[in-house]
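The two complexes that follow have chain A in common; it is paired with chain B in the first and with chain C in the second.
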Partner chain A sequence: MTWREVLGIVGKGLWASLKAGAYFRVSFILKVLSGLVRAATVLVFWRAVLQQAPSFVGWDETSILVFLGCSELFFGLQLALVSIAGRFWVYIRTGYLDVYLTRPVDARLLVAVANFDVPLAVRSVPPSLVYFGLAAANGWQPGAGDLLVALAFIVAGALLLGLIQLCFSLTSFWLGPTEPLDEFVNSLYEFGHYPVDTLSGWVRVLVAWCLGLGYVATVPARCAARGVAALGLDTVCALAVGLAGLVMVWGGLSQLLWVRGRERYEGFGG
Partner chain B sequence: MVEVRELRKTYRVLNRRTWWRDLVRPEYRFVQALRGVSFTLRPGESVAYLGPNGAGKSSTIKCLAGIIKPDSGTVRVFQQDPWQRRTEVLARIGAVFGQKSLLFPDLTLRDALDIYRRVYGLRRRDVDEFVEEFDTHVRVRHLLSKPVRRLSLGERMRGELMAALVHDPDLLLLDEPTIGLDLTTREGFLQLLRRRVDRGRTVLLATHRLEDVEAVCRRALLLSSGRLIYDGSVDDLRRKVGGKRSARVRYRGRLPGAVAGSLPVIRRHQPSDEEGEVEVEVPPDARPSSVVAELEAVVEVVEVTVGYPRLEHVLQTVFARTEKGDAG
Partner chain C sequence: MKKQTPWRGGPRPAGPGLAALDVLVGFVTISFLEMRAYMGSSALRLVQYPVKLVVMYFLWRAVTGAAPGRLGLDFDTLAAYYAISILIGQMYSFRRVAAQTEHDIRTYAVDLHLCRPLPYWVKPAAPMVLSLAGYLTLALPCGLAAFTLLRLPLPDPERVLAAVTCLLAAVPLRFLIWYIIGLSAFWTEETSGLANIFSWVESLLSGMLIPFALLPSAVATVARWLPFQAYAALPIEVALGLRPPVEVLGRVGALACWTVLLMLAGGVVWLQGRRAYQSGGG
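On to the complex of A and B.
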């Protein structure tokens, strides 16, 4: 299957999922409202923090607002596109993987497409706009290029998180239900709601750069808030190479686990 | 088209004890699901794959679709190993697992078909023509714009069947495909299957419904405890087992004694001035319709109910004969 065909399937899945939002309108409106309420509580929290320390580990109010917008977009994308990766083990343990293995396409792709929830990504847009709007009111003036770089980091970061979750989920071929592992990864990624500068020492190295937590919102927010030029093109390129490396490592590991695990797969009811 | 030789598959099952023992020192037992199964399927064949629960039917189908890896033996589908060449083989296979859904719960059937159109690289026109044909046998058009989540079991099953057939597969692997279907829909689907077989498609049908088998399949494979114990025609199987089918006919008018006497074994007869009822045992080599035709010649037939021997009975009889060594 060519990349074009894969993108065609993904595109069709995204479009169908977006349309599905229209079938469940009330649920969608409630999701948007709940997102805005959550944004309000987050703002109250950060207002309290910044009143105590106007520059929180090097982040002022404007850059924190940009950070929150990036974080919101990241988790919206992650939930919409790859959140199923963490629950892939359910398909393995219940044998529901069987039906996805009857199609001439990678079953992982088909499971992801079946679970696309684009309205969740759309839901994250209004709160992000609120954060970005408040940052703009504080004098934030981003360049289009900076925003594109930030967005690229967010999308690639969401893909990376999906690969990490998938790796843990695929251990289900050996370990049985791996819900605790999924919760473990999700808990780690809760750090994504705060700049990685709050961490220190080996925890920072492990969590921020091995598990890619720095790419959740810290790196995109730095690019968007300060600008690529201010950060230095070399630094941004090094960060991009690091992210690409992580995607390759976790992607390779997930492929290995998938190939070896499939040999052990027994399905269900047979 | 399909060649299976000495297929073996063993599953490892945890022997449940106390949870802490299972955690510290798990004990396993090994269940042999397939013990050297061999058969071939030729293009245009419609074959029933029968056996009690746990006989190994689903395991065989999963090996044919490349879902699970056999322990030993060879499986060739379209002259390729489905485990090694999964994508190529699956492009020409349509599979239905009656208890598992191929559809996407939040999407409509139309959207699901659109995604599968992309998966199989079909043109929109091909899918429209397919829906047209499918709808003449199994009514689905009115369901296309409904989210799958809102469909009843029977409606969802229609969608499942449609999603499995959309690419006009050369080989159909059907595991309990008629679960939840009403009588009319089931008949329509079986008719559609027969048309596919007439067009040279191959069907392997695993089911517990003998009516489905009689409607579609000419050949039957019987599996017991992972071993193939019968491979032959459905008619031969019925003859071996003995005719226990019955035709219960409700009729208006008076059934002449001579006709009644010429009928095969009468199980029950309730003559009446208005509506009588007669239940006749259909011989193994006859069709129920021939018995009904005999009655129609002399009385007005109001209702016909054909009773089939239960699959369990067929299997039990064949198993008993297998023990004596004459099952074929």
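On to the complex of A and C.
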């Protein structure tokens, strides 16, 4: 398949997902509203934290608000585009994968496209704007380049987490239902809701740099809040190389599991 | 030919109340067998507890480290608070009650239950009852392990008993709230938006997200008037010795009133919803 064909399929999936969202308008409006309620709740939580400690491990009110905006965008994107990776085991376990294997397109891509949920990404925009707006009111003035770098980290980070989820899900070829593993990986996302700088020791190494949860919001927020120049171009390049390395490692592992797993796969009723 | 109940051998109990109880026991039995068949999966779910605890532990360590003595609560109390709060959060995903009810309404599976001489609520209630039984067995060792690993002083047994009483007394209330949210599917078909809104409000006003002592005073005042504190802030504060156990008694009385109110509301929503419901092919 050419990249153009892949992009065509992805585009159709996005459009179909938007149209599907339009059929549940009331629910969509409630979901947007729920995003704003969550933002209000999270703001109360952080206000309480920051009233006790106005600055901790290098994070102050403004940078926390930027962090929250980045985190919101990240999880919106992740849920909308790649969250199905964690439930891929259902297709393996039930044999539904057969249907996708008969098509002349990579089954993983087809499953992902069939489960796009664009409204989830859309609903994360208003809370992000609230966070960024409050940060701007606090004197945050981001550069366009800094924002682009932060966005690139967010998109690549979402891809990385999708690959990690897919790896755990593909173990279903050997282990059967891997729902608990999926729930475990989902619980790890909790780390993405707080700056990884609060962690220490091996927990930080494991969570932030082996599982890549530092790229969820901490790295993008650092780039957007402080600016690439202040962080140092070398540091940002090193972080980008680290992310690319993680994508290659987890991508390679998922490919290996996919190939080996299909050798064991017996299809529906197998 | 011997007449049998759908779930177990033996004669059907007389009276609608006993029949409902019989079916509830039947559902619980099925759920138990299912849980036993997937015991490994059930045990693996417990790993969520330490993950969430580690996150809050490090966050509050960083915060208290940056401003020692400024917090109204010391780090040990905060760590103990979250050790219990997260453990309570693992009790049961009450969202499942709403999700199950919504699913049954949206897919017309509720039709089958309308044909039976049983109230529909028995179906979402059964897995909850089973899960609570399993939870009560596992929660104590998990809590003990967390307190030991974090080197926190263990709460007094009588305080723990008062806290557990309060938690259990709040279960019907939580069930009813999520059941009513699920019943809203009669009109909206999809309830996740409403469920999301409520779960965030609930997490703040129950004290699950942050202790009342750290909340803005206006929010804390509102939260203390609402029943949500009965399933997080009140039992935790009682267990940690921040409030006297006798407060539980007064709160259980208030909870009973709230529960009766919600039972009435649930009945009204169910009747109105059935009028709006068109059934499969309707």
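Assume the second predicted complex is superposed on the first by the 268 of 270 C-alpha atoms of A that agree within 3 Å, B and C clash if a C-alpha of one lies under 4 Å from a C-alpha of the other, contacts with A are read in each partner's own complex, and residues count from 1 in each chain.
Convention: a contact is a pair of C-beta atoms (placed from the backbone, for glycine too) under 8 Å apart; a residue touches a chain by one contact, two chains touch by 3 or more.
These figures come from a predicted structure and were not determined experimentally.
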item	value
Room on chain A for both chain B and chain C (clash or fit)	fit
Partner chain in contact with A:A238 - chain B first, chain C second, else both or neither	neither
Chain C versus chain B, contacts on chain A by residue	C
Contacts of A:F24 with chain B and chain C, given as first, second, both or neither	both
Chain B versus chain C as contact partner of A:A16, first or second or both or neither	first
Partner chain in contact with A:S34 - chain B first, chain C second, else both or neither	second
Partner chain(s) touched by A:L101 [first = chain B, second = chain C, both, neither]	first
Contacts of A:F184 with chain B and chain C, given as first, second, both or neither	second
Least C-alpha distance (whole Å) that remains between chain C and chain B when both complexes are overlaid	5
Footprint overlap on chain A, where chain B in one structure and chain C in the other make contact	24
Residues of chain A defined as touching chain B within the complex	1, 5, 8-9, 12-13, 16-17, 19-20, 23-24, 95-96, 98-99, 101-105, 110, 113-114, 117, 262-263, 265-270
Chain B - residues contacting chain A, complex	11, 33, 56-59, 61-62, 65-69, 86-91, 93, 95, 97, 99-102, 104, 106-108, 111-112, 114-116, 118-121, 147, 173
Interface residues, chain C side, partner chain A - complex	38, 40-42, 44-45, 47-48, 51-52, 54-55, 58-59, 61-67, 70-71, 188-194, 196-197, 200-201, 203-204, 209-210, 214-216, 219
Touching residues (chain side chain A, partner chain C) in the complex	24, 26-35, 37-38, 40-41, 44-45, 47-49, 51-57, 177, 179-181, 183-184, 187-188, 190-191, 193-194, 197-200, 203
